[in-house]
Every structure is written in structure tokens, then in C-alpha cells.
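Think of it as A, B, C, D, E and F in the order they're written, each chain with its own count starting at 1.
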């Protein structure tokens, strides 16, 4: 029995609120239940130094949590003077995931910076962030298309969405909330494309090691969940 | 003529959304037009070192902006590794303003941390933050009262609200938005209590120096605006 | 009765020692009683990045205190690895105040850096710093005029001086020393030009809020004090 | 054809040099071909704050590369003033992997710090580090057993070893060297126990997404490789 | 011929201004010609962690330069966020030199922090700092003796003074000013006690290596100079 | 009697392992007994900003210790976020020593970065580092000569080697190991050229001051030791 009463293969209620931000070229407030992440996409003329004169652009991401997004207040990273290892790990993952479906040559020598800021956290912030960031990125590219800078279909090759799965109380379940996440024996994050290709797998045994069979069940759950998420993305931008 | 079409003594539409955050003891999303600030109040058992065994508590504040809260993306302070001078100046102001109406002995040896995070900026983020922070602080104290920790009326002695005034195109106006703020000759922030006492005045000549008469007109505008804000605070917590 | 025996409208003994530094283009050791601040003005060829090719120059300021300028030794900021919020607030104020009387176009694409280092502190370091910095800036501009780089009267439009006022033991007083400052109910800093224009006002209620009438009395005290300071500046450079 | 001439399922020559360090309680220089990592295990009496009085100990890891361990000299992290995101990601992985086979209660309130310093890099530094760190940890525990502090078999529940697999030139291969790693389409790191349980999986599509079938082939390669590594660990400590 | 017209064995005019600072327990403005260093000694109750309950005290030093103490303005270390290697080297030297003549047990579990801040630099700031710091330390100990905390003669075993010597234009000379220092072939700093014992020798070939004979000439020059400095210290405190 | 049983003028066993690193242009693992330092020389095209268009190159050095190179684990500097004063002092010394025998004009506008990383420490790490760094530098220059970039004999004017001497248990001894170093009354480091010129002398009284006669005995010991080291360098590169 899941704390939320959800079935093992049932995700939380997911929603996308596009154009949440007045200023950003693309933006989306994504909610996976009580996990709320604001994703903005900012078009910048500067390209990273190693890409100058290469004809290629770049997509990068930064991640942050408001100090009281969580049950206990966490120290503000700006005041601590550095980003934690966890923060850096997540923002590297988001950037890599998005670049997997972007044609950097078709983007041209520009950088799109995706900021994913967790307004409220209840588990699964990185998977919600990736899923919402895709919408913000899409809308930024649409903004560019309107100004004849690029063609969206040339730059954005596929959808990207992500979900966590884990073994909670011996049961494989999808889309863990905080209560499940902190008690799970195994925790895995999956990032896949709209056409079913795998982009990232990160599986960690929190308690005892897991078997290949268990892992394949989690992968199966994730595949169905990501299909749902991609369908919702399509509806959102439709 | 103001860019927004407002009258010189007309504030932007102001709203308070209480309990915006699931986790914080008190929280409020305050909007002054397109300026949106999330204020959370977190009760912490630890008290600053210099107050240990003094019987007194503390109220402190931190301020941040999401990188794309503004027209151009700003560098994330957590990634830059430090808070700007502007950020520190504002968070010191918010903390001082709130402490002006709190009886720290009645609070007891506890700390309340107020986080003011700008989700979207359009001028006047510090005055919106102070005004919303008062609601979050009030609600945190209510939460404590429900648990018989304190009496709200003993701890919170008055309302606090803030507004900016300035001279824009030779006209004294209230509650400057970004367009006005960046062109104003004089910019002043006023923090006052519900009973009309002045807690902070910060006036700056951006272009040419201002006169005492001009300053008194701004102060008069502010007084009316803060009366309105306090009335709205009363309604919000009513 | 003031601890120093001064009358309520009596400033401390003020002196300016020009050319205190062998190396700087302009320098001044300013004393407001036991508060001693060394102000140097350094002409630099580089201009801040955002002014390149604008034809305009810049005046900026940095502020510091020697670790034992105060009654208790404070941690050295260079060793702590960052400037405190208070330091940043003060140096931003000094820079803003000086720029209010400088014609940046007439200065041309150069930067003048004003360093204000507190050798000994006894209250009012920021107001002494502003008042002394004006002398250092003036002398740096004279140095430039001698080399036919600018005309002083074109660049420096007016005098700038500053003084603190406050309510100490229910009495409005001018130019608070440390004993008064740490016990004052209200503390306000005023920056004005030689012709009486107001450039900055910063008033803070340390204890209970203050009224408009009280504030106007402080402003009146400040006006007289600043008139005296400007007269002393004129004599010093005469 | 692999650049090194190895078969697709052939690992590089692996060796362990125990007691490499005179001072550490346990140490091992591990070589996977031209990738050389020095792993030391340091017993420390202090335990992390959050475990005080819990009766439990902790195993943590830090990772570093000598600046010229790589083809081009990299900036020294101590001189840059911070560890890169990559460094933090790797050291978190090493610590997590080792803790998966340690009974922290049986260890008691002590910390073992594992330092993995890359002397020379040629791809696969993190997997070599994990595999060698297990030896250093084992030897540190043996050192403790000799002093009657713990029983090794109570604390160390199993072996841990790691290997990378990837798709290089359309072929699934094991234990990628630098040339393969920088050209691989898919790169996955596997951490497993001696009894075959999976502790960590990290798979990343560098170019195009990968399929479930491809992933399972990589997992199969890894399983065989890790079996070999565990056999070599057994021989080394035998 | 020396730029200043001094003879090869002639030091610059040296002066000590005791009690320069109102707040510090001991202070001295030392001048070696145009090199001016303010030395303050601050008594602190806290002792470094590694000396707790040892019955021993500590003497430590910090060094800084005002940004425009030099011909070109240098970046403020507090704003750069760290102390340079040079600064750290010098402050370690000052602390070591003073501790060589202090009986740390007789001092008791207290720390004296010596701050040496260069107000104006013209070569030899570290040797002036050591020589002046001894006066500040002495006066701090006198302050303590007056309060019956220690006996000066038990704590302070001897004088300490320092001077630089070097080979300038093939001539061995004493007490190099900036012009000489920047052109010297060899530069050596000597720290000695009042009774002629050597505490520190730091000799560096700036251009071509130096011989033992040259070095002995420098040492002889230094010995005479330090005898003079010690005589002046005696007169100053006499 | 020395703890190691060595005679007072007997150095530890010294060895050089050239080409220790696969990637570096020059590299050497130097051992002075149980003190092991890996020195690598990296040729870099960039030259420091202050040498641009000067026709001159630069040789610089960085120094580090693996956290468990020592008896107790030390905090990793990369994780602490800064290099200690000791580290900076040593790396400045290494760089200065090497530059004393390099013709920077003959090197041309290039930089050679020498990294000295202490793998295991037992006293004398800085002198071992300098002695080994010379080999790495030499081999890097040979690498460049092979590519017709420079002539080694034009760039490298002489050998450089270093050794520590000290007074241990009242006896002057050479090449102190950790046990001796931590108990020595006087500790001095000498850097000399192959032709006997002195490049650096650093002598420090750890306990009581030392006399000129004692110092000359240490200098004599050092001279013999450095002659031996230079002979071994010649044999190593022979």
C-alpha cells in the first residue's frame, strides 16, 4: 500500500502551465503532485568558449531549490557560497538529457539556458524538471521560429521526459513521492525520448543490492509512465 | 503620463496568496502588479550565537531572485559563489523592517527565517517582499499560537508595509514599475507601521539632487499607499 | 546630555589632511573626532566593461576597516574571504554619492577608484568617508587638470558632504559618536551637495518608529552640519 | 576493431598493489591498463555530526586527479578553489558504492575516509577507483581487526567492483579506454557486489538514444567483467 | 650610487609612533623612510583550538596593504576574496619571528593578534612590520602587566628586529627602498634578536646566483643595522 | 644519534624515475627516502598576461599533497576551497628556483607548468620537489628540442638542486626526515646551482635563535649534499 493510496503503476497528477514567466522566451510551471518546478528557457547570444566559430550552439541547465521548498529549511546555496554536489549532479543530468534531442548545429551559435527552480518539493524534482524543461525549451524554440531564427522541427528532434521508479516496501512503484523516496530500497531515474529510446538510466540500491529482474520491472514501469508524460506534453503544446 | 496609464498616486493591483507553500509555517505569494515574490517564514529552534541564554529570539531574512525573473537572465548567485551587494542590502533591510514590530523577548529563544524569493520582477521587489513577508511572519506566529508556543498579539506589535515612490518625468509617483524605476530621477523606499510610524526611509537621487519639498511629497504619497497596503493585509488575514 | 559634552547641534572637530599618500593622485586623511578615514583616489585607464566605447567614465568606491579600528578586533575581511553586507552597502553608498556630482562624460573613458579605509573608528565612518572622499576626488581631478586631461570645473559639478543625525536619549543630535550610535533610537545618514540638494537619505528606526516631525528636525540639523562641512572643504582646497 | 586491439569482452590488464602507502591504514594502487589510481583508507575517530550517539559509523570518499594525469593539463582544483561537478559526482558514487557492502553499525562510531587520486588517466577512472577502494577499505578493516576494534566479516558484507561498458563503433565493448570513451555512442558504468547484486547503474546516451536490448548486452558484459574483478580482488587479499 | 643618495650601510630614517591607535592594547606606526606600517596588538581571550588546556598561549600575525599603498593601485584582497601567496608568506614570517622571543607558557592561555597594515609602501614592508610589531607586542604586554595578568620580563625574552639587505648595482647595501628592491640582483631579509641570535634568514637570487662571500657581507650589514634598530626600540619604549 | 641511524652528513637514498607519466612532456618520480614526489612538466602555449608580446616565456610551479601522504590525514585543499599558506609558499619557492637557471627569452613565449605532487611525505618534500622538478623540466625541454622548438643548452643554464639541513639534538645534520624535522631546533633549506651558486636560503629558528657559526656549518653540509644531488641528476639524464 502506497502512502498516497496510488496504485503501483499510477503516477501523480501531472500538469504543465506554459508561459508562467513574463520575461523568459519559454517557460513552464510543471507539477508532479506536490512537486512544483518552474522551468524557464533563456536565449543568450553568447556561446560557450569551446564552441566559438564552430557553427554549433549549446543547451545548458541550472537547478536550484528555494530554501523552504522542503520540510525543513535548507541553507540557501547563494549564501553558503557554493552549489552542493547534488545540485551539480542534477543540473548536469538535465542539460545532458535535453541535448540528447537537440541538433546543436541546427540551433546555430547560440546558447539556451534552462533554469529549473523547485518552488515546492515532494520527491522526484529532477524528473519533473526534465519533463517541464522540455516544454520550456520547445516554447523558446517556437519563439525563435516566429522570428525566423530557426525551424523548430530541425532543432528539436524528439520529446524528452523522465520519471523515477523504485522498490518501496518490496513493491516496484512509479513516481515516488518524498515518503516513498526516503524509505525506498532501490531508486532509479529514467530519461527517455518520445520514440522510446533510452537517454539516461540511474539506478541506485539504497539498502540491499537489486537484481536484473527487479531492474527490468522498474524499466517497464518507467516506459509506460514516460509514454503518458509524452502524451501530456503533446497535448500541452498542441 | 505613466507608462502603465496609472494615476500618480495609484498603486498597482496588489494581492496576497496565503499558504502558498505546503511546508512552511507561514507563507505568502505577494503580487504588486507583475512583481511576484514568494515569502516563506520558517521556524527554527536554533537562535543566533550572540543571543544564547538571553531569553530573546530573532527574525532574519534572506532575499533571492530566480535567474530569469528579470528581462535579461542574471547569473545565478549560487553558481557565482556569492550574493551581490544589492542582495545583501535588501535582505538586511527586510530583516530590520520586520524586527521593528516584533517583541523579541516575547518570541522566546527561537529564530524565524523569512525567505523572499522573486519569481518575477517588474520593479519594487524589496517593497513587495517586506509587505508580503509580514503576512508570512504573521501566519508563522499564528501556527505557533495554535501550538501554545506564543501569543501573536504579544509578539507582533504592529503591521509593517513598504512602498517605493519616485520622481518620474518630473512627476512624483507611487509604486514604480521597472520602466519607471529605470528612468526615475529620484527613487525612495518607505517602510512604515500600521500606526503610521516610520521604520525606514531610503532616498536616492539617481540623476539630479532632490529638494526637501520634493521629498515631502514622496513621503505623503507613501503614507497613503502604506495605509492602503495595511488595510489589504488586515483583510487578507481577517 | 551627550557623553562627549557636545551640544545637540555641535559636530565633532573635523580636519582634512590632504596629500597624505605619496602615491595616490589624490588623497585625504579625514578626521571626525576619533573617527579617522584615509581616502585615496586612483586614476585608472581601464573603464568598466559596460561603458566601453560609450565616451563615459566611472567613479567607484571601496571601503574597509583595519581589524583593530574598533574596540574589539574584527575579523579581517581578506582572511574571511569576503566583504560583509555592511561593507558592501557602505561602499555602494560612497560611490553613488560621488557620482551624483560628477559629469561622467566630461571625465572621459577613465575610472577613478576611491578607497576609504578606516584607520580608527568612533561612529560615523561612512559620513566621514564621503566627506573626505570628495577631497581626494577633487585632488585627483586637479592632478589630471595639471596634465591637461580634463577641466575640474567641467567634471566636478558641486561639493558632496555627509553627516549622521539621530535621536539619542529623546534628543535629536548631530554627528553621533560610537557611544551615541549604539544607544540611539533612530539613526539617519544624510548626503547633500554644496548647493543644498539632497543626494541620499537613509533613516532607520533602531528602537521605536519615528515620526515625520522628528525626521524633519534631523534633516534640519543635517543641513546645517553639511553647510559647515562644505565650508571646511572649501577652505581645505582653497 | 578496438584501438587497443582488445576483444569486445576483454578488459585491460588489471593489477592491485597493496600497502602502497606507508602511512594509511589501508592502501592500494590499482591499475586498469594505463589508468592508475591510488586508493587510501584513513581511519578517523570523528564521525559525521548527524551520526553522533547513533552507534553507527560512516564510510566516505574523495576523488581527485593530478593536474597532468590527462593528455592536456587540467587546472588544479585546489587552486581553482572548488571541486568540479564531475569530481563531486564521482566521489559521491564511490562512497555510496562502498557503503552498500558495509554494516555501519558493526563498524561503530568511526569514519573511514577513502581517497582516490588518479595518478594517470586513460578512461574508466571511477570504475578503477571503486574496485581499488574496496581493497584499501578491506585492508583498513584488517588493520582494525588486528587491534581488536572490529571483526572484518561483520563489517564488510561482500565485495564491490565496477566496470564501464559502452557502444563503440556500433559494438558493445567492456572497459573503455580514453580513445573509446571519447568516441562511444553510449557509456554505462556498473557497480556490483561479489554475489552479483547490482548497486549502481549509470547509463548515458552520448550520441543517439539506446535501446533496452543494447542495454542488456552491456549489462551482461559488465556482469562477466565484474566477476573477473572480484576474483582478482580475492586473489589479491588472499 | 644609491638612488636615495644613502651610503651602502645607511638605513633610512626610522621612527616609531607608539599608541597610534585609541583602541588597541598596543600599537605603533613604524616608518622606514616612506614605508609606513601600522602595527596593532590585540589581546584576545580565545586561544587556538590546538592549545586548549595546554596552559600555553599564542602570538599570531596578519598582514595587509591598503590598495593604494603602492605606486599602482592593487586589487583589494577582501574584494578578490582571498589573500595572495605573498601576503600569507609575510604574515607567517611575522608571527614566527615574534614567537621566537615569547615564552608562550608565561603568556598563559591567551592569544595576541598582531595586525600589520601597510599605509604606504616603499620597499621593506615586512622588515618594518616585524620591527614595529615588536613595539606593539611589548606595549600590549605592558598593558597586561598593569592589570597583573603577566610579568613582561617573563613573557618577552628579547628584542626582535629585521632588515633587508641586497646587492644593488653590484654593491651590497642595507634597507632597500622600492627602486633598489625592484632592480636588486639578490635580496635577503634578516630577522635577529637583541642579543644577536639569528631567527630567520631568507635570501633569494633575483638575477644570477650569489656566492657565500656575498651572503656573508649582507649578513654583516644586517647585523649592524639590526643593532641600530634594537637601540631605537629601546629608546622608544624607554 | 639520528633516528634513522644515518651519519650527520649522510643523505637518504635518493632516486629519480624518469618518464613516470605517460602524458606529460617531462616527468620524474623523485624519492628522498620515504618522501616521494611526482613532478610533471607541462608545456602550454598560453603565456601569462604580463608577458604577452614580450618574446619571453615563463616557468611556474604548483605543489600539492595527497590527503593521506602524511601520518594523519589532512583535509584535501580542493575540498577546503583554498590552498594553505604553506602550499603557496612552497610552490612560489619551486617556481623561483627553477627560473633562476632558465633563460626565459630563449624559451620563447610559452609557459612550462611544473606540478609537484607529494605521494608520500617523510620530511623534506620541498627540497625533493625542487630536485626532481629540474629533471622533469629538463626532459620537457628535451621533448621540445626533439621538435626543433628550442635548444636545451640555450634555455637551461645550469642544474638546480635543494636539500634541508638543521640542528637536531644539538648536532648539525643533513636531509632531515619527519622525525628530525619535527624536533629540530633550527631548520634551513638551501637551493643551489650545479656550479655552486646560491639561489635560495631559508633558515628558521624553531626553538632558540642560531648563530652565524652554526649557520655556516649547515651551509657547508648543504653544499656537499647538493653536489651529490647534482651528480645524481647528471647520471639520471646521462
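Here is the rule we use: contacts are C-beta pairs under 8 Å (C-beta built on N, C-alpha and C of every residue); 3 or more make two chains touch, one makes a residue touch a chain.
Going by UniProt, the chains are A, B, C, D, E, F = Ribonuclease PH.
Just so it is clear, the model here is predicted, and its values are computed rather than measured.
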Matching chain pair for A-B (criterion: over half of the contact pairs shared, by residue number), options C-E, B-C or E-F: C-E
Rotation angle (°) superposing Cα atoms of chain C on chain D, nearest 5: 180
Chain A and chain D, separation of their C-alpha mean positions in angstrom: 28
For chain B paired with chain D, centre-to-centre distance based on mean C-alpha positions, whole Å: 50
Residues of chain E touching at least two other chains: 81-82
Cyclic chain order - from chain A, heading first toward chain B: A, B, C, E, F, D
Chain E - residues contacting chain F, complex: 82, 85-86, 88-89, 91-92, 96, 100, 188, 192-193, 195-205, 208-212, 215, 219
Chain F partner contacts - residues on chain D that touch it in the complex: 21-24, 27, 34, 38, 40, 42, 44, 62, 64, 66-71, 73, 76-83, 87, 113, 115, 117, 119-120, 122
